[in-house]
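Accompanying notes for the structure given below.
Which chain is which? They are A, B and C, in the order written, and residues in each are numbered from 1.
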Amino acid sequence: MNRKPFIFLAIATLFFNSVAQAQRIKGSDTLLPLTQELAEEYLAEHPEAEIIVTGGGSGVGIAALMENTTDIAMASRSIKFGEKMKFAEEGLKAVEVTVAYDALAVVVHPSNPVSRLTREQLEAIFRGKITNWKEVGGEDRKIVVYSRETSSGTYEFFKESVLENKNYMSSILSMPATGAIIQSVRQTKGAIGYIGLAYLNRYVKALAVSYDGGVHYAEPSVENAVNGSYPIVRPLYYYYDSGKEAEVSPFISYVISPKGQESVLSQGFVPVTEEETRR
Amino acid sequence: MRRIFEKAVKWLLTASGFVTSIVILLIIGFLFTEGAGLFKEKVIEEGYVLALNRENNVKELTAAQIKAIFDEDVTNWKEFGGPDMRIEPFRLEDADKLFTEEELGGQYENAGSLIASLIEAHPGMVAFVPESMIPKGANLNFIEDRSISPKEVFAGSEWFPTATPAPLFGMWPLLAGTLWVSLFAILFALPFGISIAVYMSEVASERVRGFLKPVIELLNGIPSVVYGFFGLIVIVPLLQQVFGLPVGESGLAGSIVLAIMALPTIVTVAEDAMRSCPRSLREASLALGATQWQTVYRVVIPSSMSGIASGVVLGIGRAVGETMAVLMVTGNAAAVPSSILEPLRTIPATIAAELGEAPAGGAHYQSLFLLGVILFFITFFINLCVEYISSRNKAKNS
Amino acid sequence: MAIETFPKGYGARKRRSQKTAFGIFRGLSLFIVLVLFAILGFIIYRGAGVIDWTFLTEAPSDGMTSGGIFPAIIGTLLLMAGSAIVAFPVGIMSGIYMNEYASKSGWAVKFIRLMTNNLSGVPSIVFGLFGMALFVKYLGFGDSILAGSLTLGLLSLPLVIRTTEEALKDIPAGIREGSLALGASKLQTIWKVVLPMGMPRIITGLILSLGRVSGETAPILFTCAAYFFPQLPSSIFDQCMALPYHLYVISTSGTDIEAQQPIAYGTALVLIIIVLVINLLAGVLRKYFENRLKLK
């Protein structure tokens, strides 16, 4: 009979532990590898801390922030009007921190002779108006267009920047994650897709892009993103509720510290300067 | 005391007997309440309006028309019954290009009146702006917003759940993709399934059967994500090379993976049916001088037809609902497929890929629950078919 | 009745057509065996070199390109245990009710069986949606082991019910009657006689249902799975990593696909080993109990 108190105790411990919960970070898949790396480093310095990093997407992260199922939301787009209104209804205030910049590289199969495109050409390709590589100076080959899933922050930013808010064609291939795009572009001769600069590797070829009708082309690289000559660059954010400032600030200050930003750079993202982090 | 205890246990057991029924009801309830909310949502994104010049008499636009306007695919108002004017779409983001920061004000407090006067100056303009920004009493026309109609959703052929100003929730391409890939999966799996079932129940020795049975069970046990991984790494590049396809991620890759996954279901159910074919029937046939093969296809297969049919239908059910493997290999292009060699998008893959990104409670989120409802009812219907087939069979046998 | 006269050589043709047909069946069966071995062989070939002690006992490191999958293994085991706690008692009780209490031809049995069959046909992604709506959102458990276990438990419930029911169905009525005639109550009969006899087959079914749970991804996608959580979960309200989800994210996302691929193969192999072990265990148990019953 004396096993009962023990079981009770065990259950009580389970519930008690849940009060001192780990710090939960959730959201954008673009920020996932970076945040994972940063969390790893942070945990090495603070072994007593606990961090859980979960993907799901920017939308999930922000929704989870509202429901208090995460402490920090990672987002590769800024918070939407509707989401902001919902925050206000709940009496919460979302604080935005820019943690890094991400350049989007347009990639093709390494054997593709095309090495640069203008924004207008890219728009036509992703909207299905240009369907053969020979129309942009390449081989006679069908263009296979890869995109991210419809609501990822990457998808929306590319649409905003390159397509000027017009919609992609409906027969575009959507991949659940950036890794899958690389995998597919690498295997498919006529492929074109877009990926974060951090993901760029030798198996795919990045194109130079021009935003001024073909006068200046810029290669995607960290330097070109920093000096502003590469046009497809977006900020990446952390959001948290202002009421949780104390809990989340140690990790966030590590992220935006020079040491954290060094990892940002080494992961292939563009670092932010101190004054850029909070608006 | 004892009696009360026995009664209590009986009630407890009865209650747990009905747990599955309760779960089904809960699934229907929760999916429905979320999914049905889609039809209460407005066509135009929440909190925004489409403002027009006073001279423009267009009152209503469908979501597809709004998309065509903002994609600049349609450039004249007369196509939508308006005056013969060029359409000038305007988004809030364009404000930065047309006005300086000083004009707009630090907190964008002047933006509303600037935009209002901009629209008044351009007769062909349609502006997509937050409702709260438009100054009261502005001399403008607005597109009347209505709720999303079931027709647009179920018969619509465009799936753009995140398009602005008006998302499109046409589910037809997803439904077609799901059915298309499942159909081919069953076509591939059927000859194999029947052959293996016949082989195992009629031809193979006990030892061979003892070897094949665990193989089939193992095929059934391999997690779908492992099949997806294998498909992505091996089958997709293989198909691309063998058939010289422009894209490897295709309905074909999906249906091959699904065929392997649906196979165990077909084999198990069909084999059970054939083995339970009465011995007397077989013996009668053999006694009449028929060979074993003649007995199989003239007697055993016809008499166990309903079991085979159940197996096939269950296999379809398995294929329709499969998520991860399909998500990884079919390319997920939301267009109505015209051949199996093209990429396509299924309902389960759409839910798995998009639910994560959809803002909770919004129209997109609800549309995914509605897809869940559709999927649930497809499999529900499939199960009723199986139930019907086997009950008819029972009636016939008794 | 017309008596058919067979043309000459009919017997030979008959035999030939039988030979061809059976040959085709044998060939297709062999082909599927080869497919299975190709899948297994490929993953074992690529994954075997990856699996070592560190891979099994360490957390992922260096941006998921090295280290191991320990938290994912533990997470999957936790989810299996959690789903067992949810599904086994309810499922077994439900099976007992169906076979021992409800009248065989009554509406209740028909209705419950219909519902159970329907539930077993519900796609796993629908369970995911449902789990997210009910456990994560409505009941407020958040993404947690609790929500994931409940969702997976409901998913495996029909399998548990069916195996229990079938195990009990095969126990001869005479044994129950014997016990009742000796003055035992119905409950005592079930507890002391029927259940112990049915246990071997019930256990086999339970093990197989655990196998199914271990490989499911879609239901935990929105209810539980974490991308990176190197420590072990400390309560049932924590999220956890899980093997199938880990394989999914590692083969589709991540900055360095090339460096992650070995880990993906290793993870796939561990998953397959779990499935293999479970199937083997179920098979061995089945044989063992069968032999013991025969001896009796």
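Just so it is clear, a residue touches a chain if its C-beta (ideal position, glycine included) is under 8 Å from a C-beta of that chain, and two chains touch if they have at least 3 such contacts.
Computed from a prediction, not measured in an experiment: that's the story for all the values here.
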If you check the contacts of chain B and chain C, which chains show up for both?
A
Using mean Cα positions, find the chain sitting nearest the overall protein centre.
B
Starting from the Cα centroid of chain A, hunt down the chain whose centroid lies farthest away.
C
Provide the C-alpha centroid distance between chain B and chain C, rounded to the nearest whole angstrom.
24
Quick one: report the Å distance separating chain A from chain C, using the average Cα coordinate of each chain.
35
Report the inter-centroid distance (CA atoms only) between chain A and chain B in whole Å.
26
Residue ranges of chain C touching at least 2 other chains are 137, 222, 251-252
If I count partner chains per residue in chain B, which residues reach a count of at least 2?
232, 328, 352, 355-356, 360
Sites on chain A at which at least two other chains make contact
55-56, 67, 175-176, 180, 183
What residues of chain B sit close enough to touch chain C in their complex?
2, 5-6, 9-10, 12-14, 16-21, 23-24, 26-27, 30-31, 34, 191-192, 195-196, 198-200, 203-204, 212, 214-219, 221-230, 232-234, 260, 263, 291-294, 296-297, 314, 317, 320-324, 328, 348, 351-352, 355-356, 360, 368-369, 372, 375-376, 379-380, 382-384, 386-387
The chain A residues in contact with chain C across the complex are 14-15, 17-18, 21-22, 24, 26, 29, 32-33, 36-37, 39-40, 43, 50-56, 64, 67, 69, 175-180, 182-183, 196, 198-199, 201, 203, 267-268
Would you mind writing out the residues of chain A in touch with chain B in their complex?
55-60, 62-63, 66-67, 80-83, 85-86, 127, 141-142, 144, 149-153, 155-156, 160, 165-167, 170-176, 180, 183-184, 187-190
With touch defined as at the start, can you tell me which chain C residues reach chain A in the complex?
61-64, 136-137, 142-143, 222, 225-231, 234-239, 249, 251-258, 260
Chain B partner contacts - residues on chain C that touch it in the complex:
14-15, 17-18, 21-22, 24-26, 28-29, 31-33, 35-36, 39, 42-43, 89-91, 93-94, 96-98, 100-102, 108, 111-112, 114-119, 121-126, 128-130, 132-134, 137-138, 154, 157-158, 161, 185-187, 208, 211-212, 214-218, 221-222, 244-245, 247-248, 251-252, 264, 268, 271-272, 275-276, 278-279, 283
